[in-house]
Amino acid sequence: MKKLINNVEDVVQEQLQGMALAHPELTVKFDPCYVVRADAPVKGKVALVSGGGSGHEPMHGGFVGQGMLDGACPGAVFTSPTPDQMYECAKAVDGGAGVLFIVKNYTGDVMNFETAAELVAAEGIKVQNILIDDDVAVKNSLWTAGRRGVGTTVLAEKIVGAAAEAGYDLDQCADLCRKVNQYGRSFGVALTSCTVPAAGKPTFVLGEDEVEMGIGIHGEPGTHRMPIKSVDEMTAYAAAQIIDDPAYTRVVREWDGQGWADKTLTDAPFAKGDQVIAFVNSMGGTPVSELYAVYRKLDEVCKAKGLTIVRNLVGPYITSLEMQGFSITLLKADDEILKFWDAPAKTPGFVR
Amino acid sequence: MPMTKAQLLAWIDKQNAVFLDKKEYLTDLDAAIGDADHGINMNRGFAKVMEKLPTVADKDLPAILKTVGMTLMSSVGGASGPLYGTFWMKGAMALDGKTEMTTADFKAFLEAAVGGIVQRGRPELGDKTMYDLWGPVLAAVKAADDTAPLAEVVAAALPVAEAALAATIPLQARKGRASYLGERSIGHPDPGATSSLYMLQTLREALDI
Amino acid sequence: MKKLINNVEDVVQEQLQGMALAHPELTVKFDPCYVVRADAPVKGKVALVSGGGSGHEPMHGGFVGQGMLDGACPGAVFTSPTPDQMYECAKAVDGGAGVLFIVKNYTGDVMNFETAAELVAAEGIKVQNILIDDDVAVKNSLWTAGRRGVGTTVLAEKIVGAAAEAGYDLDQCADLCRKVNQYGRSFGVALTSCTVPAAGKPTFVLGEDEVEMGIGIHGEPGTHRMPIKSVDEMTAYAAAQIIDDPAYTRVVREWDGQGWADKTLTDAPFAKGDQVIAFVNSMGGTPVSELYAVYRKLDEVCKAKGLTIVRNLVGPYITSLEMQGFSITLLKADDEILKFWDAPAKTPGFVR
Amino acid sequence: MPMTKAQLLAWIDKQNAVFLDKKEYLTDLDAAIGDADHGINMNRGFAKVMEKLPTVADKDLPAILKTVGMTLMSSVGGASGPLYGTFWMKGAMALDGKTEMTTADFKAFLEAAVGGIVQRGRPELGDKTMYDLWGPVLAAVKAADDTAPLAEVVAAALPVAEAALAATIPLQARKGRASYLGERSIGHPDPGATSSLYMLQTLREALDI
């Protein structure tokens, strides 16, 4: 394992210390651990909080700042953070308009954020949890824990962050976040594994000419393994998985003010004529130059399928440590989404 | 005979010991069908519990149980953290003010505790989770006579738990990370059900002191 | 070789095509190949042009845009571009106030840009070439081609770009660029090699626990190889190489309007009390999380040596394909430099 | 006998052939002390020259030479691109309007061409560059009698060039990429001096036709 680390136990904490030193516009707390805007709470603004296992940087801590998140809760590498982190973070950022938890759909994250929401609500703070579950590599929700939350998370944090900044109330933020999630779909490809520092060895082993298709962001196994193909072929495959994905239905649990209520949500498939935001993401070890080769083909495939890319994001935003590979996210974009996509953001990991 | 505070503290202590001992084994089980952290998570959690325990050791049973729950909740992380955290916290609420735990109290405790797991994780029987163990165990405990000594009731539940754990092996997971493996999750015991069996085994031992 | 590519011959061209599709605010020309702002030439503004071998993305093409470069000339991977590219690019961006070539000190780059400057001057366009030579791993200039141009290039493109935007004339831009170069020093560490697509195999081979210290940005051998150490130790070493580096003297060739004139430049070493901009760069395959561990130690070392970090930049800005590793650049910052560092920039690779 | 246009075209043609043939060898030489691209660079450059040549084949000598230089300049890249580009372009300027090249013309050509290398790269003798070959070769050519046939003059310069190339082997590089290797650059011939020798060898062959 070759990494820029000291002891494996201190990796997350030391990286956060470095981040705090580099970004005085953020405040990093330890025990419990969370990252907030130094100017939090912003009075009257809905506060956005997200979090999850570490190892996906810049997400989420790097997206804390004006126009995106108010707070982020980093867990151990690839392990969900705990409710006390979320609870303290929420209290630190609530400016009176309530707190929106943006939660990636992993059982651990979901349950910890639900517990946190109950604690926050018990304090009399308005709160809502919105799930991101956009990974089309997971086919059904009946026989699994449902689609994983991946690339759409980044786009949601940007878009809903701007809406909160513009004065949306908690329900409006939640509605927008739910819509962004329902409009977004992703698919990922790994060229190499990653190594969790505490584990010390690669999570999986790929042959010199093998790639893993349909991976998530924790080195989970994907849908299948195959010999590496040209970037055009791999991009076309990933794009087709997303664009040809049929309607997707699942039950989500949202907070109704008193308790949890089930909601059945169905996402419509992409349709000819849709405008989309295209996000080509590096898994961490793939340089931006290679992502542009993906984008080149993605643009062609979208055109051929009748989708128009109206905005794009290309770079390492939601990573799996040093894994080489890429993911594609397409997000159907309406005027509301575009307006907030184009709005300013000032965070360590995303500036506009 | 009801469970004394000394026995409760012994139970917690023994769990800490077993999760240190089985850290690697549980992690290996989780490596097979999850993300290789369940043993690490449980060990971290109970180590934290042992740190916190002295501050409440002179309080009543529910205060101690609540501290266990809150500490697990804030240190285990992942899926098992909120599940076990809820287990202990909900269980504590069922014992308001008690300083010892009768068989009837234990029934109430376990019903609330397992109810917490169900509420949080919404597992169904056969999903290949810790609930596949707690479901049958709760049924067995509830069927016991209120006048039976707690040690006997727990001892009688143990074979049920062991059978329940074994029964998770052929199942295909439908909840948690293991569900993404589809058919590849078949043939392995569920890590959370395994750690749950350890909880019951250590309770049995603690009631002997 | 695992990369997101089609044919090795088409790598640079296809990546640039993708970039052009993703960034309509840029214009990418082929044959000869160069990248310019779509709104070029900007009338009355000094035009900044840089370039070099490809494989260092986002540098330079990704730094074309408002507040940074007007044009960039990408060569083949790790191979200097040619004078015709530079000449056509300069003509496309000159807005009447002349063209500044920012040139990394490699023999090929230097000679090609000098040739280009002669061609441009012959057209009656004012032109100047300023060298970046900041790599302290190269100890002397008498027995070598001089220090390589590395991390300071990114900072110079940002700072001088803002000055040009603010109305500096060509001489002022050249003076500022020369000052930034003289104030900046860098040192790089490789954890893994990189693979030039056309070569198909890693440029060098490191053992599972070896690192190469003092590398440039083309997979050149460094000063020495050693077993990997903790991030604190490697950072402290790199920082000491930079901070303790003595005065450095070399002869550079600048254009005096008619012909080339030699100038002897001596860079003063860092001194206690200096304010600095600290730049922690990924070589391409190292994720930003690990860079923050470097930053954490760098901050400590700087404090101990009496330097105050007043600004910082952390991320992959001048890369070596997918190489894992990092480089540190420290730039002594005066008011003029800070003012332009803080100014807006709108480019694909750097936004403020 | 002066060099005819046919001979000049044959020279260029033979260089293209040799740089295709020696592409890998030159690249290997450059891998040892540089960045493993010199053969690729030269091959790319002369392939482009062959593409451009038909458009000027009916022009005078300097027009052809200038085209070679400009094409190399815009297609070779790296250090050798501007060096060889300048070589041919400066050489061309010394032959204004000529349609053949006498020995005296060749002296003027070579003096200007090598002067271009010196002006651009500022090599000194012993720096371990192509100039370590062109320096002695120019001296040998200049020492020849203006009345000697060009073929003889070039033939006489060949052993000088071969010795000069061999003499680069023990040198430590002080210019170009190889200089970063310090003492590790010792023991290898300079790639640019090697490609320069090929230029002279092909000239010798071309003058035979």
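The chains carry the letters A, B, C and D, assigned in the order they are written, with residues numbered from 1 in each.
The rule we apply is simple: a residue touches a chain if its C-beta (ideal position, glycine included) is under 8 Å from a C-beta of that chain, and two chains touch if they have at least 3 such contacts.
Model, not experiment: these values are computed from the prediction.
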Taking each chain's centre as the mean of its CA atoms, how far is chain C from chain D in angstrom? 32
Cα centroid separation between chain B and chain D, in whole Å? 82
Could you please state the distance in Å, as a whole number, between where the Cα atoms of chain B are centred and where those of chain C are centred? 58
The positions of chain C in contact with two or more other chains are none
So with touch defined the way it is at the top, what topology do the chains form here? Options are line, ring, star, complete, other. line
What's the complete list of touching chain pairs for this entry? A-B, A-C, C-D
Using the touch definition up top, name the residues of chain D that touch chain C in the complex. 35-37, 40-41, 70, 73-83, 85-86, 120-121, 172, 174-177, 179-182, 184
Can you check the complex and tell me which residues of chain C touch chain D? 32, 75-76, 78-85, 106-108, 111-112, 114-115, 138, 142-145, 148, 196, 198-199, 203, 216, 218, 220-221
What residues of chain C sit close enough to touch chain A in their complex? 2-6, 11, 14-19, 21-22, 54-55, 57-58, 62, 191-192, 208-209, 211, 228, 230-232, 234-235, 284-297, 299, 312, 314, 316, 319, 321-322, 324, 326, 348-349, 351-352
